[in-house]
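Here's the structure we're looking at; comments come further down.
Letters A, B, C and D name the chains as they come in the text, with residue numbers starting at 1 for each one.
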Amino acid sequence: FIATVRENLQLSSRYFLLRISRPGDMPAPAAGQFIHVGVPASGRFFLRRPFSIFDCDDSSIALLIVELGPGTRALRRRQRGQEVDFYGPLGNAFPVMPGKRILAIGGGVGLAPLYFYAFRTLDGCGPSYRVVYGARTKEDLFLDNIPLEDESVLLATEDGSYGYRGNAVECAAEEFGRDPADVLFSCGPAPMLRAAMKLAEERGIPHFVSLENRMGCALGACRACVVPTRLGDGSPYRTVCHDGPVFDASVIVWDELPQP
Amino acid sequence: MPNVKATAVTIGPVTHKNPVFIASGICGYGEEYSPLVKLERLGGVVTKTITIDPRPGNVPPRVHELPYGMLNSIGLENVGLDRYAAEKLPMLQDRKVGVIVSVTAETEGEFVRIAHALAPLEGYSGLELNLSCPNVDGSALDHGRNPAFVERITKIVKECIPGRSLWVKVTPNVTDIGVVARAAEQGGADAISAINTVLGLDVDLETGRPIFARVSAGYSGPGILPIALQKVYEVSRAVSIPVVGIGGISCVEDARKFFLAGASAIQVGTALYADPGLPERLVDAFEAHPEWIRARMEPKAHE
Amino acid sequence: MPNVKATAVTIGPVTHKNPVFIASGICGYGEEYSPLVKLERLGGVVTKTITIDPRPGNVPPRVHELPYGMLNSIGLENVGLDRYAAEKLPMLQDRKVGVIVSVTAETEGEFVRIAHALAPLEGYSGLELNLSCPNVDGSALDHGRNPAFVERITKIVKECIPGRSLWVKVTPNVTDIGVVARAAEQGGADAISAINTVLGLDVDLETGRPIFARVSAGYSGPGILPIALQKVYEVSRAVSIPVVGIGGISCVEDARKFFLAGASAIQVGTALYADPGLPERLVDAFEAHPEWIRARMEPKAHE
Amino acid sequence: FIATVRENLQLSSRYFLLRISRPGDMPAPAAGQFIHVGVPASGRFFLRRPFSIFDCDDSSIALLIVELGPGTRALRRRQRGQEVDFYGPLGNAFPVMPGKRILAIGGGVGLAPLYFYAFRTLDGCGPSYRVVYGARTKEDLFLDNIPLEDESVLLATEDGSYGYRGNAVECAAEEFGRDPADVLFSCGPAPMLRAAMKLAEERGIPHFVSLENRMGCALGACRACVVPTRLGDGSPYRTVCHDGPVFDASVIVWDELPQP
């Protein structure tokens, strides 16, 4: 698909929100799914870059992106009206679990699928879905630009400059103590996912996690993006792009997970 | 209407509607890319290399981007012969997609077994023997460097698959690729596919460790184009069967160069990830200019 | 003040002030680059490969730019041994530039002659045997692919130049570079220089002819970096003498990767044309971080 | 040297004049010499590009450039105040020949060294140095921007839209008929140089020609830029960068000259 940039909003020094037009024939995405985006830069070779869908309505798709390297830099520089080439939605989604109390833990851009889950999957189902979003400082909470101040969203900053002082998992543990949940979702940096994993194990609840990995095709074809699992059937590996990105955390062999 | 005959290429007993293929390992078993590529418009797809038994593949990470291509260390993860035959091959069959089945094995006996098992099946027109994967232990790559073995394997597999074409895919990581190609020709190959990935390596400066668990990996993409062109030229001078050019193709111009260097068909690899529209654009270009398919380099002369 | 000892590297009987060299053929006989590079700050320069008799070199064009490097077909144009000894070598002598003299020849007798002629001269600390130029006919490259010949030549040349170091420069265009490197080590080489250019080819789409009269040429520059790193790794595992890493270095990070892959020194090639400041920047970097010189890759482990 | 762009003037659709600051320690250039310029573009590999000096005063250097490919495109895009990296002056120069009547034939950007010769080498020696400058059309004569209308400059356009109708060599032959010269200089596209060669031979006068070739080092080190000559001494080849770019046309083996 070729889409057009609608808005490219700098949220903080490293984060930006890229809103692009939604092609008419793009299937409706579910929360947890991602799109595979061509790097809009010429002169050198680039593989595409996967980004979770942060928001999507009839006419647009939004991505929440942190600038890390040349790919995200090129996307940050795209301006309103310029083209972006992508395909998707790809991969699986966080499960829809009616009646369950879900506690979701997001760190950094890991907020994207959890936010999308809250605002599109569950529109208005309220306190049965709570998101704990952790960032380093207040600046990275984007409060000016994204409506996170909601009773179902708990904010944590590591330096205590806003909300809970501490990381997202610590905040979630405290919240769990106050008001338990039936299921844990998590998405974010690897150390956060491991901590979330521990929390879920301690509380004995299911835990769904969205993983990242370097990708080639993003279609399940090239077997580039695999993660080690306890599953069998020819190979213990499963693809993040096709079998994931959302996995039942208990099937992942955490010790062998490659760092992205 | 494109002139169908003009773009057709014949390899052994098989005529393909055009010379544009997708390389093995790039589009899996084909089906995975069908939402993005009209596979039936292509000469065909070469499916992921299969082995008799399923293989888990290498420990991740398995790919690493470079400014001029990528390194991969997939390690031949595949579903194995039985599931391939039962589940994967039939998927493309009803859609008139040209299929070349890529296979590898360790021993002569295994090669015979896999060829025998595939022989009665429908839905593909040829086999490609991958004797050139750098990402696995054991003899697969060593075989590809041993002309006597290449000739013997080619011969016994060819006998198992009458009516079908046999392509032999060779590695660039040898002193004399012409000798290996000639061995395959002697054994009865219908085409030489050149090249597989070039051995490469990268290091993570932050950790001071190699990117891949196996340290060395396969280098592909635009950075290997001049190497691939040189190998195709060498092979095309060594054999008289068709050569299938592979390596670094990312635009129509790159593909044209392969024909000029001696290729009769081409395969798109790594570029598909960045640009899934490329194979169809190549078909468009060759339909508009079928003469590009037969063009061959003339020696350099002073004007 | 940089800690001189910390950046010093010893190769055979010679200690160089740092591990940064300019590769053979890149800066001619050295002098040509002296307006742009403070050559005396470097570990040294490897001068253009010389032969006993002057060579005219190949018919132009001789270079061709690629987006990821270049192809060259210089063909060992050089002034010959006598003029080199009389005119070129003395030019760098008074300026305290470390010089490694690159030589090649066709026969054993010629190698002995050239080594004997150089032995009594002043102004250089070692010889580099170029057994790997892809751009000439005859046996130079074939020699470099023949381990027995490499061992013999290394041995007889080494005997001619006591007190000086002998570097043997190997080609990546072989099946097993480790075997060739080991042969040189057996013959008494003090270091293996790896790699020379990779065989490559390009076609002019406008004329439908190869770019070069000799068709194939030598590929160098950033696009060969992953290949060079892999070869250096292979060589460093095959031998226990120092390895001099060459190929595609265009920044400090690239150079660091060579040390991690097993090199004890490095040579800057093609990048010098675009960026003549690079060798001195590398010296600066290694003076600031001499630990980078001794860093070696650890095997990949799960964290 | 690192210089700064002073002015980048589009002269016609393909030609531009790039004026950069002259570093204080750059030696004074002679007409025919060139500088080797780094391509100001990142992401891919570029060799440097050689350009003849079109003009040079105490504080600036001017280049007359025609846009052909990515290197010249990147230079066209350089703006006032941006940096340009170069070294030089390099190569030899057109000979200074007091008392001789010189007729110089320039085509396209081949005007550069001949212009420099006229305005810096011979300041005011008048009719003993005449330049015939040929272009396709009036547009490529840059009359608005470069002061070519001088009695010592003859202008020719192939379409006759200005000055002499025909190519520069035809115009020079006619001029020669009117008022002979002792020496011919030429610089421009290969076919023009060959025609100039014929003219010089017919008239039996010396002919100095400035050649082009693809370069690596531009210092005489790499032997990339050689042209075949009738000279000997180890090799019949001479470098354009160091032995040239100006050659006595009679030593060049024209039939074996590579096309750039």
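Observations on the structure shown:
We take it that a residue touches a chain if its C-beta (ideal position, glycine included) is under 8 Å from a C-beta of that chain, and two chains touch if they have at least 3 such contacts.
In this text, all values refer to a predicted model and were calculated from it rather than measured experimentally.
In summary, the chains found to touch both chain A and chain C are B, D. Of the two interfaces, C-D and A-D, the higher number of touching C-beta pairs belongs to C-D. Chain A and chain B have Cα centroids separated by 36 Å.
Between the Cα centres of chain A and chain D there is a gap of 59 Å. Within chain B, the positions touching two or more other chains are listed as 66-69, 222-223. Within chain D, residues 43-44, 256 each touch two or more of the remaining chains. Those residues of chain C that touch chain B in the complex are listed here as 66-69, 71, 145, 173-175, 198-203, 205, 208-213, 215-216, 219, 222-227, 229-231, 233-234, 253, 256-257, 260-261, 295, 297-301. The residues of chain A lying in touch with chain B in their complex are 38-39, 44-48, 87, 213-217, 219-228, 234-237, 242, 256, 258, 260.
Interface residues of chain C facing chain D in the complex, by the touch rule stated above, are 25-29, 32-33, 35-36, 48, 54-57, 59-70, 72, 74, 77, 79-80, 83, 221-223, 250, 270, 272-276.
Chain D meets chain A in the complex at residues 41-44.
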